[in-house]
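Read through the structure below, which is laid out as structure tokens, and then see the notes.
Letters A, B, C and D name the chains as they come in the text, with residue numbers starting at 1 for each one.
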Amino acid sequence: MKKTKNKILNDPIYGFIAIPSELIYKIIEHPYFQRLRRISQLGLSYLVYPGAHHTRFHHAIGAMHLMQKAIRVLRNKNIKINSKEEEALLIAILLHDIGHGPFSHALEHSLVNNISHEKISIQFMKELNKIFKNKLSLAIKIFQNNYKKKYLHELISSQIDVDRLDYLNRDSFYSGVAEGIVNSTRIIDMYNVYQGKLVLDYKGLYTIEKFLLSRKLMYLQVYMHKTVLSAEHTLMNILKRAKYLANNNHEIFMTKNLQKFLKEEIDMNNQKNLTKNLNYFSNLDDYDIMISIKEWQNNNDLILSMLSKQIIERKLHKIKEVDKKELKQMTKEITKKLKKKYTINNSDLEYLVFSIQTKHKIYVPEKNPIYILKEKNNKPELSGIEKKLNFNKKQNTIIKNFICYHPSIKN
Amino acid sequence: MKKTKNKILNDPIYGFIAIPSELIYKIIEHPYFQRLRRISQLGLSYLVYPGAHHTRFHHAIGAMHLMQKAIRVLRNKNIKINSKEEEALLIAILLHDIGHGPFSHALEHSLVNNISHEKISIQFMKELNKIFKNKLSLAIKIFQNNYKKKYLHELISSQIDVDRLDYLNRDSFYSGVAEGIVNSTRIIDMYNVYQGKLVLDYKGLYTIEKFLLSRKLMYLQVYMHKTVLSAEHTLMNILKRAKYLANNNHEIFMTKNLQKFLKEEIDMNNQKNLTKNLNYFSNLDDYDIMISIKEWQNNNDLILSMLSKQIIERKLHKIKEVDKKELKQMTKEITKKLKKKYTINNSDLEYLVFSIQTKHKIYVPEKNPIYILKEKNNKPELSGIEKKLNFNKKQNTIIKNFICYHPSIKN
Amino acid sequence: MKKTKNKILNDPIYGFIAIPSELIYKIIEHPYFQRLRRISQLGLSYLVYPGAHHTRFHHAIGAMHLMQKAIRVLRNKNIKINSKEEEALLIAILLHDIGHGPFSHALEHSLVNNISHEKISIQFMKELNKIFKNKLSLAIKIFQNNYKKKYLHELISSQIDVDRLDYLNRDSFYSGVAEGIVNSTRIIDMYNVYQGKLVLDYKGLYTIEKFLLSRKLMYLQVYMHKTVLSAEHTLMNILKRAKYLANNNHEIFMTKNLQKFLKEEIDMNNQKNLTKNLNYFSNLDDYDIMISIKEWQNNNDLILSMLSKQIIERKLHKIKEVDKKELKQMTKEITKKLKKKYTINNSDLEYLVFSIQTKHKIYVPEKNPIYILKEKNNKPELSGIEKKLNFNKKQNTIIKNFICYHPSIKN
Amino acid sequence: MKKTKNKILNDPIYGFIAIPSELIYKIIEHPYFQRLRRISQLGLSYLVYPGAHHTRFHHAIGAMHLMQKAIRVLRNKNIKINSKEEEALLIAILLHDIGHGPFSHALEHSLVNNISHEKISIQFMKELNKIFKNKLSLAIKIFQNNYKKKYLHELISSQIDVDRLDYLNRDSFYSGVAEGIVNSTRIIDMYNVYQGKLVLDYKGLYTIEKFLLSRKLMYLQVYMHKTVLSAEHTLMNILKRAKYLANNNHEIFMTKNLQKFLKEEIDMNNQKNLTKNLNYFSNLDDYDIMISIKEWQNNNDLILSMLSKQIIERKLHKIKEVDKKELKQMTKEITKKLKKKYTINNSDLEYLVFSIQTKHKIYVPEKNPIYILKEKNNKPELSGIEKKLNFNKKQNTIIKNFICYHPSIKN
């Protein structure tokens, strides 16, 4: 690949990040990619962790940096990765999240229906592949796991991929939740390939144990932090309400871009207008959402204005962790209190009291094993880490139930 | 002051920050203060330093945290600070930047004329003082330097105040410019009071030398980074153009809040409608600006759309450091090239080629001395640090001149 | 307690450590305590982790610093700790390890028989109590758990005491084993007292989970690192051999201090000559051991010279983790090879091949519970962390068996 | 060069350090090199900075690690360094300090006369070259600056060599003096070669300014810390006294190794017995010195026992910075007081009162320029940094005078 001269970016986590090739530099400069500067990595988490304003742009660049390290490590262990595969890997990881919409996961299914951000990422990649004259073909192949060397795909997407190494570290760094720090250098140093799989050298066993615990703690303390859940579900409800109003002749402010998605309901699966629709999508970012919410504070629909104000002024719904079996009864009680307090349609009550369920899988060997490579009598031997570490099968999934309701209600 | 129970915030820099009192907690919860979550600390610097998305909110909280430390240190040195003064200090530092508008310094004189952000901060404080029944009176007195103990004001505003200790560290942390790190703990540990002044113990001499160098490097590498200068001056020009168009019957998108300032030209010095105007101001944040710029990309005014696109797609004006005397000739040459390329009014050329001058004062003992306290023969003795450290008088100010012009022009 | 003026020490981990009182300053200055500067914290671990040269002195000072924090936190939660108790706590933690001999744990039972380092610590404390006119009485009472407020003792010695918070962090910092870092600030922030016990606030639950994992990883990677085990067991064997030779008319170099213990076998339990014996003990440090080993390289006893050379030149015994049941057979095989290679008495073979067993208890709720405090329906409720976290009872103890033998043997 | 498999060392500063080749691994394993584990990097500085127990061993390994980085950076800038030169560079930097004796600089001229540690390093290298069959010839050539590519030597020894990048960082890290931290990654990233010289890219200008300040602060706060000066000069005096006594029929304890140097006065310049003498030298380390001092506490020479006790119990000579012109008068006064207090020979007074002068050159462009490389009109242009940065010529050397005297004297 054709190297760039001296293009470097500062990163508080890794120090300096070099842009490795001309093509990659051009992709980064493209407006599709620049848009990621306006997509926050962690949605509304900054309402709890005031430092968490980092963006998808920064994460993508960081993951690419780790990929460079990973390639260097594997080559040192005599795994052949040629220069084309190298550039393809770097492009694939750079673009793996380009299909994220405003506020990342928070609004993933509120704005665009029936399509995951990964699929939109592929559509962007294909579009960029046209623009850059098929130079992204191999990257797409690897990203879609259609390339013979499966471990290249696993560097992008698996239990130990560079994606999560970067985001765990980055989210931990910016939120200040020190428990989430992951020794990414050490894990990448332990990368190896055996029988076509991405595996870890035996010396990495305890590092991976710590990695799984850090990940769990990030889920518990950040990604599923109850105040964040409350804020993000309210955000979803605001979009839902706005969509409803827009489609029912209620006058409502919207940026032009947002209108495309809330009112015209663009179908991103539709192959016909794909280029045009991708452009609409790429015009959409956090600013469209927040400015609309700011305006909606003054909309004459009570629900919409109330919820919008709650986000802007950070007077969020209360949220409590509860047993699943208590949910029904509690919802009933709160509903009663709400009805006493507000004149409100039954169908609108769901905006003011609702339940949330979260799930986190710690490590499920049957589905997504992590392999460790050990020399035994001078012969390599592969085994799932569950054979070396202490996992309690019954508790490999954490499920939590919450009830979430308007702050005016005492309970 | 009445303590809060267990209100803490995560900060990646200091670990945990405790909210020290009920009143302070309420001020933080007020929408005026929550707005600071939507005001970026470093304007458009993130176009160069992708991590620099931190906010005024976070800086204000961080500075308050350092103030708590400072008070503890001074009390340990037998400087009496009573509990009322303590709370006042904490409030004053918390609110010292509340008057900042969108993108902080970048737009300080573009949106609101003839008034500094400090003055608007005072207006907000006075408004909050009404709301919180005069509990902020002492804070305002200290902030305005009307209180007898001058060193309390100096903790908020002086060469060694906690404000700059926080922002240098914070800006360095989030931008990843390691050169800017300041040993704030050490400097605060060296705080002392002598003859009514805030001074430093002698042991802090070399720390302060390093502090001044760090500050200089932050100016050179971040605050006056030439790409940042180019972006922010373009931002100012966009606002200037929009104002011009709005007042000349040109149709132009604007959020309602922005309209107040661009079209109706609210005068924040005017005492008559102050409360109302403060509310308008407090509704304005980065989102109003960015969404407008996004929309303006499609405005039919060529200048406005061109500059707006340049910000969104990060195709910024070129910028070069030049000798002052070269400026005139270079401007002339570039103007010529621009005229060849674009059909453009003479009066509009200033949007496409202009000069920038920056100034940084390293340390000016005549105006803002830093005092160091030494025991000599068991007697305290005060002297300006310039007597102990090596300063080159002639070079205590760094002035730079730049020429900035449309990227289509080769030079 | 009478405060000191400006006595501070630099610590790479905590920044600055203040010496809190005149009495404590004098204790630190006493030769008994200064000796700890010559006692390495981690024995021979530096043969594996070249940075691990930190001392008992530094650990003691660091633990005292954490104790200051702990006291501040508890007082903020309205736990009354008066100024006498404060100083006693600080002294007790400062002196908790003063009874450690050369190379800390490595030689704990090789030099002085039938007595633990804690007991020798108490003897030192009592001796210092005489010197400082009974000002240490309360410290001794707390240290021996004879004081009414049991939680004060638990700050010094329990599953969550400041001792291990400091040593885990310090050992991790100096060895560079990042996995061992412990969020000591966070854990101390979670300290509370309930029903007379030192407990943790509920918010500290996951921090404590990570703490237990970090501790386990430090045991596996540092304290029980197999090369360290090999080196330290060889060190013990050297001392054993030297003792044997010294008591069997073999000429052997020894520093005068070491002679007291190797040849005269001072009994530290003996109350009669305690002051004298303490002085002998306090003259002994790492230097006596290492210089003797250096000299012993040239002793004409083959075993002694061979083992000594192995330490100095770092040609350590091989060591392998094995199943317990394999131990016997392997020892037999290696013995056979050794006999073929060296003319050596049967009774001396144990120096060249031996087994090691290590044990680490992760968390044993029946014996040493860690309590967590939760508010339920506005009432505090205490429970062992095993009710909230996922512990596999069967695997709460890690036992490992090793075989260790002369490096000339191939196996 | 033949690569090693998986030999890595933990380093708290750089993470992991790989041992790059078989030959280098064998050199590290050699007893000559292992000895460096027993040579402290900073002499007696740990009496002031309790964390500063790191060794020459660790520094040598760390500098080798930075050299690996430097080679990678230069190769990326198309500077050709072949694989033989690479290994030679790594060996040369690894061994650059192998000639250091006990306590590094502190005793450099007390034990061995008329020869610098660099010269002894060369003798060790030559000896190792014999052992490793001339594989070190190129390393020696580069170290002695006899190789055509001068910039290779400059990587080992110049104003910006990797040696000082490592020791400044390492000494700063272990002492906890944060002011001394140097951005070594950034400086190495700026390495370049122009006109056969090791230079810095222009972007490194401010980093080098900070580097020079950090270095100055390390001199002022650590290397020339007055308490360290007092301790180390007393150490020198102890050795001087011991030498005097040993050569004047006074009975005095000495380890065999030390005896060679104190009594027999081995001449390391003498080429005749070089191998034998190198072996004597290589048997000498910190332990020989400290154990002797411990024993000398009880020697019947008053001066020797008094000074030795002062080191062991840390009751150091007082030390004050004074004007040069005051020195004579102060010495006179203190001498008078000493004579009143102690019955002591005139010739022995110099042990109890003496002066110290220290010198630090900040940056002397005439002698040791640092060059910066800038593109001007697309042509490279070299200039000394003094043309870009603000240096005050008159103050480029810091000279300090101290008077140092027995702590019993009040002054």
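In this text, contacts are C-beta pairs under 8 Å (C-beta built on N, C-alpha and C of every residue); 3 or more make two chains touch, one makes a residue touch a chain.
Everything quoted here is computed from the prediction, not taken from an experiment.
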Centroid-based (C-alpha) most distant chain relative to chain D: A
Pair joined by the larger number of C-beta contacts - A-C, B-C: A-C
Centre distance in Å when chain A and chain B are each reduced to the mean of their C-alpha atoms: 32
Length of the line joining the C-alpha centres of chain A and chain C, rounded to whole Å: 44
Between chain C and chain B, distance of the C-alpha-averaged centres to the nearest whole Å: 50
Multi-chain contact sites of chain D, meaning residues that touch two or more partners: 15, 178, 186
Chain B residues within the chain C interface of the complex: 15-16, 185-186, 189
Contact footprint of chain D on chain C as seen in their complex: 9-13, 15, 29, 31, 34, 37-38, 46-47, 49-51, 53-55, 57-58, 61, 173-178, 255-257, 283, 287-288, 290-291, 294-295, 312-314
Sites on chain B touched by chain D in the complex: 178-179, 183, 186, 206-207, 209-210, 213-214, 217, 220-221, 390, 392, 395
